[in-house]
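These are the structures in question, set out in turn.
Here subunit A shows up in two complexes: once beside subunit B, once beside subunit C.
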Partner chain A sequence: MDFFVQIIVSGLTFGSMYALAAVGLALVWGAFNMLNMSHGIIMTLGAYFALLWAELLGWPLILAAPFSLVCGGLVGAIVYFLSAHWMIKQKNFEVTIIIATFGLGMAIESGLLKFLREMFRTAPYSQPLSLGAKSFLIFDVPVSYQRLVIWTAAFVLITIVGIFLRRTSVGRAIRATAQDRNAARLMGVPVRRVYVLVLAIASGLAAVSGIMLSSFKDVHPLMGGDPMLKAFIVIVLAGLGNITGALYAALLVGLVEASVKVLLADKYGFTAILILVILALIWKPSGIFGRATVARQ
Partner chain B sequence: MADALLRVEDLHAGYEGQNVLKNISFEVPDGSLVTLLGPNGHGKTTMLRCISGLIKPTQGRIEFDGKRIDGMEAERIVARGVVMIPQGDMLFPEMSVYDNLRMGAYLKKANAAFERNVEEIYTLLPRLKERTSQLARTLSGGERRMLAIGRGLLAGGRILMLDEPSLGLAPIVIDQIYDIIRDLKSQGRTLLLVEENASRIIDLAEQIHLIDTGNIVWSGGGEELQSNPQVLETYLGG
Partner chain C sequence: MKRRDYIIFAVLLGLAIAYPWINPPRYLLASVLLMFCYATVVSQWNLVFGLAGIFSLGQVAIFASGSYITAILGRYLEWSLWYTFPVAGVGGVFFSLLIGLACLRLRGIYVALLTLAVSQMMFILIQTDAMCSALNKKVNPATCVSFTGGAQGLGDFGSFGWRDVFGGRNWIIGDYYTMLVLLVIALIFTFIVTNSRIGLAFMALRDNEELARSRGISQFKYQLLVFAMSAFLTAVAGSFYAAHFGSVGTDLMGFALLLFLISMLVVGGIGRPWGPLLGAFLLMAADEVFKEASDWRNVGLGIVVLIFMVFLPEGLAGALDKLWNRGIQLVTGRLQSGGTRADGE
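This part shows the complex of A and B:
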């Protein structure tokens, strides 16, 4: 029973974090076929923004996450104007944007490494969402309240995004753009503004995901790389561009990873995820929840 | 004509440096139905895509209501009142019929009038009312075309451009679609219609322009065309 609870707790925690990162990736891919390779560095920046707010400025911890979300959104908009805005009409946009955002991410990462590595090397900042060391017991397994905060935050944010997409006029315009960009333009949707907005939302979510990550890892310029990779694995597993699918796939990946880590050993976690993806893609090449048609009109 | 709502002058356009349209000029007067007639693959669709801003002309000018619109983004052109109902419908497949209609009224002014206008659409196209919550991709061909027309009408444009509204439909459904077009015409709407089949529009259009290999080769009224079998035979195979 202990094992079981541990797996669920840890799986849901990592799953929540992956979900926030992957939903954003899926949203951006769905809206304009952009695979954003700077997503990871935005997660990193999210953790730094929270750090800046709470540690350096000493402002209330509870507002660090909203601050980071907004800053992350701004960074997303900047990424758009530094890359996609100039490239969207190119023929090989899907490929060139990967290279462009990869480069952009590297540049930001190098900047962080140059200026911030020294600064925080000796100041590991492990619990920005910390609620002290308080915890509660589920079947004798201690679960920190912080986990609860992570689950709730992920659930609330993803629900808000879902309602926004389904129920608002702007959300409808985003879905319309994703389904047929030219048709959306013929309805009067300013698609470029939609792209900026989508990238901003995705990046805001990534930033919050970065804060969650920083609650069990040190804040470091390279911290976003590994979870970004996993978020990519999640959206491939779900079927590119499928947002609801990304949520379920993220939880699945989190739980599989946690199971293997608890039952076998830490080092097999990533291997298990990769095996899961390979098997899933053999079974359904377009992803578990994917449709076969993934192409830009 | 001074009161032309839409005026196309000396237009050249195409894809990847190849001009599909050459030296096209025509006008659509307010409240009239003008048809671009001609076989497939001769530039009629390119013409509409040009007017609606999906592609940019390489030369020439397009004026709507006295103002130049060529070179503008598609989303700006529709805001001025130029609405296209595209070939192949271009619906939002994963959205419900209702959400598709909502998207038609995306623009601020159209959105404000949506509740009232959508009732009109349901009267004109009752089939849509029965299927409001159904996903667009599950509709039949005829229903899709009706949804595309309904969505276009909700944009509240001053000119409606229909690209081959009969394409790919069964004859009985084509009749229904043309009944709708007749209705729209009798409401006094300005329509620009692209069609391949002369018999469908010959008694409907005020002005017909025959397009062949990217040029307007003949222009005139429906009756004129009817009494000119040589033109019909040469360009439309009888």
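This part shows the complex of A and C:
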């Protein structure tokens, strides 16, 4: 029973962090077929924004997360105007944008490393938003309040995004663009603005996901790379562009990772989900929640 | 390929052969040698990515597998490294076939993500491998590392052996020419493949898969073929890399090398015959420049890649081709039909 609770608790925690990162990725892919390889560095930046707000500027903790969300959104918009904006008409946009954002992410990451080395000397920081080890028990398994906060935050944010997409006119414009870019444009949807907005939303979510992540590990310039890969795995598993699918797949990946970590060993966690996605892709090339048509071109 | 290309090839080869005789500084010789190695890998990658249009990121993993096979055979079985090269090549081919099989039903982006996952998995498995292996105890009982060397990497497995032939100082010239031979073989190989029926099949599948398949070109056969063909020399380049440096480590599978190599492909021009060479040269040169400010190296490289993707998505070879065509137009005063892109479009 203890094992079981432990797996569920830690699986849900990882799952909700991946979900926040993956929903954004899925949203962006859905809107204009862009895979943002700088997503990971935006997660890292999110954690740093919170750190900057709370630690260096000493402003109230409770507002650090919204600050980081907004800053993350801004970074997303900047990424758009540095790369996708100029490239969207290219013939191989799907491929070239990956390489371009890969380069951009690398540049930001190395710049951040360099900058921090000069500014702070010591690179790893602990996240001020972390609630520490305070916990309560479920079946003799200690569950920290931190996890409760993470679950709630992820749930609330994803619900807000869901309502935004379903109920508002801007959300409708985003969904229309995702369905058919040209038809949306003909109906008067300003698609370029939709792209910026979508990338900003996704990056804001990524920034918050980064804060959550940093409450378990130290804040470090390289911390976003690994979770970004996992978020990619999640959206590939779900079928690219499938937002609801990404949510379920994120939880699935979190649970699988947690069970392997609990039952086998820590180091096999990532390997296990990689094997999971490889097998799933061979079995269903367009993702487990993807449409039946065989793989997109 | 036209007469122009043969002339370029001959001139470049002459320059490369003559280069060690002008007594360049040792580190420059080593950089050029490394450039040959990378250019070999990128030229093979160009077959998969440029010619067959399969966006695989697994090339770096194959490169790493080649160097690890050489390191393991040389260290534990004490083989002469020259025997390990063909074994590494064949091992790389099998590994690549496995990747190709896994990617068979996938298209576009999905291939990139799956191959990235495979190479990342390899990285993590080796990086976290800390179990002390009995084999290593025999080699060096004091410091016990795992079978694959884990995060520390593997060393002590020998070299090309040019030190005995050329003496203590000139062994690097031996390494230089060995790598040059590999690069020349790789370039000739890609040239032959590009201009063969197989190359035509790759391009047909790339440009219009449905049509190609309906004309009887088996996607199964040719996709596996391109994965296998491009893997052999990539893996051998990996083992040459290991033999030159005398050590292998997990950085061979890391993001940094992946970015560096894909930048070469992109900056040179994807699918262009001269792309890999141009790209390798430019990025190694840029690397030398940025080395002065070592911390800014990756920042600079990242920005170079971004700029190329935004402004010159066809790479330098593509831009030069356009210029060449325009020049010919000016000289002859008539319109050239089509481009000079050797792989057609």
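Here, the second predicted complex is superposed on the first by the 277 of 297 C-alpha atoms of A that agree within 3 Å, B and C clash if a C-alpha of one lies under 4 Å from a C-alpha of the other, contacts with A are read in each partner's own complex, and residues count from 1 in each chain.
One rule holds in what follows: a contact is a pair of C-beta atoms (placed from the backbone, for glycine too) under 8 Å apart; a residue touches a chain by one contact, two chains touch by 3 or more.
Since the structure is predicted, the reported quantities are computational estimates derived from the model, not experimental observations.
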Message: According to the stated criteria, A:Val189 is in contact with first (subunit B), second (subunit C), both, or neither; which is it?
response: first
Field: Contacts of A:Asp180 with subunit B and subunit C, given as first, second, both or neither
entry: first
- request: Check the residue A:Val5 against both partner chains and state whether it touches subunit B (first), subunit C (second), both, or neither.
  value: neither
Task: Have a look at where A:Leu116 lands relative to subunit B and subunit C in the superposition and call it first, second, both or neither.
output: neither
Query: Which chain, subunit B or subunit C, is in touch with more residues of subunit A?
result: C
Task: Based on the superposed arrangement, let me know which partner A:Ser169 touches: subunit B (first), subunit C (second), both, or neither?
output: first
Task: With the two complexes superposed on chain A, say which partner A:Ile98 touches: subunit B (first), subunit C (second), both, or neither.
output: second
Which superposed partner A:Val236 touches (first subunit B, second subunit C, both, neither): second
Field: Touching residues (chain side subunit C, partner subunit A) in the complex
entry: 55, 102, 105-110, 112-114, 116-118, 120-121, 124-125, 128, 209, 255, 259, 262-263, 266, 295-306, 309-311, 313
- request: Could you please specify the touching residues of subunit B with respect to subunit A in the complex?
  value: 52-54, 73-75, 78-79, 83-84, 86, 90-95, 99, 102-104, 106-107, 111, 151, 155
Query: If you look only at subunit A, which of its residues touch subunit C in the complex?
result: 35, 82-83, 86-87, 90-92, 94-100, 102-111, 113-114, 117, 225, 229, 232-233, 236, 240, 267, 270-271, 274-275, 277-278, 281-282, 285-286, 294-297
Field: In the complex with subunit B, residue positions of subunit A that touch it
entry: 169, 172-173, 175-176, 179-180, 182-191
